[in-house]
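Labels run A, B, C and D following the written order; every chain starts at residue 1.
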Amino acid sequence: MIHFEGVSKIYEKQLALKEITLSIEKGELVFVTGPSGAGKTTLLKLIYAHERPDKGRLVVGDYDLSVITQKEIPLLRRMIGIVFQDFRLIDTKTVFENVAMPLRIRGLSDRDLKDFVFDSLRLVNLRHKIEAYPPTLSGGEQQRVAIARAIVAEPQILLADEPTGNLDPENTKAIMDIFKEINARGTTVVIATHNPDLYTHSGRRVFKLQEGSLTGVEVL
Amino acid sequence: MSTGYSFRFAFESLKKDFWINVIAALSAGVGLFLVAILSITFYSINSVTKKLPEKFTIILYLKDNTPADEINKLLTDLKNNSMVKSARLITKDSALNELKKRLKDSSFLVEGLDENPLPDSVEIRLSSEAVEKALLKDFIKELRSISYVDDVDYGEELMESIVMIKKTVETSGIAFMAVILTGIVFNFYTTIKILFYRRKEEIETFKLLGASGGFIRAPFLIEGSAIGIAGGLVASFMLFGLTQVFGLLSQRLPFIASLNIQPYMLSFLIILPLSGALLGVAGAFLSIGRIRY
Amino acid sequence: MSTGYSFRFAFESLKKDFWINVIAALSAGVGLFLVAILSITFYSINSVTKKLPEKFTIILYLKDNTPADEINKLLTDLKNNSMVKSARLITKDSALNELKKRLKDSSFLVEGLDENPLPDSVEIRLSSEAVEKALLKDFIKELRSISYVDDVDYGEELMESIVMIKKTVETSGIAFMAVILTGIVFNFYTTIKILFYRRKEEIETFKLLGASGGFIRAPFLIEGSAIGIAGGLVASFMLFGLTQVFGLLSQRLPFIASLNIQPYMLSFLIILPLSGALLGVAGAFLSIGRIRY
Amino acid sequence: MIHFEGVSKIYEKQLALKEITLSIEKGELVFVTGPSGAGKTTLLKLIYAHERPDKGRLVVGDYDLSVITQKEIPLLRRMIGIVFQDFRLIDTKTVFENVAMPLRIRGLSDRDLKDFVFDSLRLVNLRHKIEAYPPTLSGGEQQRVAIARAIVAEPQILLADEPTGNLDPENTKAIMDIFKEINARGTTVVIATHNPDLYTHSGRRVFKLQEGSLTGVEVL
């Protein structure tokens, strides 16, 4: 599903990823870990074409991201659900509208998208905040809205960047259960995190990054 | 992409920042209003000066004893000339009568004359196209060369000032319009740029969620056109107010009746909101710029 | 609070969004330029119409054989009247000479007269303050009541149109200025509002870090005044360009020499950037609004 | 230093804090914990007068926050250093300028503030990112800049809202060490978190919130 072949990414003078080669298969759930600034977010950004690789070859689904056209990018992104590290909620829209957005972008009508949105918000335990605006939510609530938005359109790939950084242990467990279930239904899931509690004893592959280099892949 | 949603989105966001949008619409309205009154003023001045040359007259003084058929031939020739609007023979007798009238109380001066000392003359009125100075000069030279024409009187000064007025009105009118229009375009641009700055983050997020360019632009374009239409209505309203003021004024000052807008009012009520909408859409389009993923 | 930092902050942020600031300055410049040429136009038209009444003349026709000392007394009286700019006796002889000149080639008409049929007359020119119609009517009534005045000729029509022109210019000039000024204020407001929207978050953060109102406002006010000054310079530059255009035009069109800006150019070079700075500071102040913690 | 007496906070219809009574003494280091949406951030916002209490009495230092004037609020805030949950960095200023801001607000000149800023950034291990702008930083790097800014002016009170949510275990430990040292130098420190690793075995008082109520105070 996702194939990095010697991919490097350099921001101005900062080398963020160095010759990364890895493959994530369809239906896998994997973790990316490493200390702050190791390149986890950059790796995810490459997958959804927010950044372009400076070297190497990167294939996501049917798209070769070194040669992807402007017209194809929205199509690529519609097969991916993303939990951004900084949430990226739209402050001027209600929680309902925020979560509905990926469905609207896919052309669903009000009537068709309603149930999906409600289901998704119920999963993250925020059905009661449907009318609230993001700035009036607590940090953890915002993070859960971001998660609901990422899963609502049942994407082929789910990228979650530090998805539990603002969540208490209980909520963290609930979210991880959701990710596992979505994965069981066939979605490829990539979770970037530095919380070892998430991946220890998970039985999944964990990619370890250190200063932009892939230093190891372990099943923990 | 559901158009219904784009509309809802646009109107929600119009409502959300109601006052900034009201200000934007008012600002656009003032701009459109200025353009409107400028074009009206320009148009009226232009149509006034267009009529001026008709009032410009050339007098041919004929030599004594010019045969009547020569005079008739001259008149027909003149009437066939495209520069000439009318040509009229003024006999020496009617000229004398006119002079008497003009001298009024002092007409006793000419009362006692035995013989009429005045010549026959032909009064030529020029059509409005004949303003071109060089052409006119040629025409007058030609007239002078006619053997039985004694003298040509054509008010050189008057003609020069007419040409000048026309040029001045045209040049400064166009310059003024250009300046005001520039101002309006800038104004629209900055106004819509506000909408853009307010939503820069949102647009970025939409792109990351896989929205197409159309999906992102639609609400902006709708919003821009709504503001533009509102601005157009404001301008129409101001224009209507102005006609009322003019109506009141023109009763006391018949002078300004020439700037009457009333007959065009209906077309402005359509044109102004329409061009407001166009400007709004164009401004929104420009201020969003190209959407690059 | 370190002022040096406020300046650095302001200029960094001016640089950061260079193009939006250029647009803001151009927009302000166009606005100021419009105000400038409007006030110049208004001023020139006003000073032209102000001089019109001086050209407005009343002629008193005196009865035959009015004694010389009565005439002298009348002239002194008139000269002491504040409405009168000048009063000049035109004797019947000079009047006849003038008539002869006016008749030109036809002067033979009066050549043969034995006796001068014309009366003595007094030509009165009015000072510019005398435009008030009612006052003038009274004055003329008074003149008519003088026993040895035969008739008063005062071009009622001309006076009426002068009054009208003045009123029209004043009314529409003020209305036009008001509209343009409204537009400019709106424009400034929206322009500075962009600065505000761009920094709303920052301002909020500053407040949370314990910044005082002055610390928050200072860079904005500096930025606003910098944009305003730039706008003023743009306007001066445009005005200078206009004087050049006028200079070129007026060689071919002496007509427009009355709109000469050159002599005021230097004051505009000071006034425009200054009022730009004031407007900029005021706009910034307004657009930040009250700072509430 | 900080005294809550029956303080309640209601956002429109949402009750965020219910009759909270607690005291934090000068020089203490305490934790506030509780699940997502419990009211941790709200409690901190009340302390720095971002929100006003709807009921009860709240005293911070010499200021009674129920009657504090507009003029006094900046003065109150200058005695407090805050790590915001959403960082609140200024995107258009470099890391240096962001960290220098509290000192500029206090009127320090370029020359005087330089060393403080460098020291503070060295503490959070970001001396090399001095010229970078916040949007070019990783999540964890942004969080560390926020921490550097909060401590640079050596405030009397330090409020840290989920200060390690984006940090790996190593960085988390480093930050906690900084907080302890600052506290040892006399600063009162309040840390809101749902990461039990931070407060277990800390030997400090932990205030537990649940749906706006204070459900317990323990030394863990």
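Following the convention adopted for this analysis, a contact is a pair of C-beta atoms (placed from the backbone, for glycine too) under 8 Å apart; a residue touches a chain by one contact, two chains touch by 3 or more.
All of these numbers come straight from a predicted model, not from anything done at the bench.
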item: If a chain touches subunit C and subunit D alike, it appears here; value: none
item: Chain at maximum distance from subunit D, centres defined as averaged CA atoms; value: B
item: Chain centre separation (subunit A, subunit D; CA means) in Å; value: 29
item: Subunit A and subunit C, separation of their C-alpha mean positions in angstrom; value: 67
item: Mean-CA-position distance for subunit C and subunit B (Å); value: 24
item: Junction residues of subunit D, two or more chains touched; value: none
item: Contacts with two or more other chains, residues of subunit C listed in rising order; value: none
item: Topology of the chain contact graph, where touching chains are joined (line, ring, star, complete, other); value: ring
item: Listing of all chain pairs that touch each other, if any do; value: A-B, A-D, B-C, C-D
item: Residue ranges of subunit C touching subunit D (in the complex, touch as defined); value: 1-2, 4-5, 13, 16, 201-202, 204-212, 215, 292-293
item: In the complex, subunit C residues that touch subunit B; value: 20, 23-24, 26-27, 30-31, 33-34, 37, 99, 106, 108-110, 113, 117-118, 161, 164-165, 167-168, 171-172, 175-176, 179-180, 182-183, 186-187, 189-191, 193-194, 197-198, 238, 242, 245, 249, 253-256
item: Of all residues in subunit D, those that touch subunit A in their complex; value: 11, 14, 33-37, 40-41, 85-86, 136, 138-141, 143-144, 161-162, 165-171, 194, 196
item: Complex contacts: residues of subunit D adjacent to subunit C; value: 48-50, 70, 73-78, 80, 82, 84, 88-92, 101-102, 104-110, 149
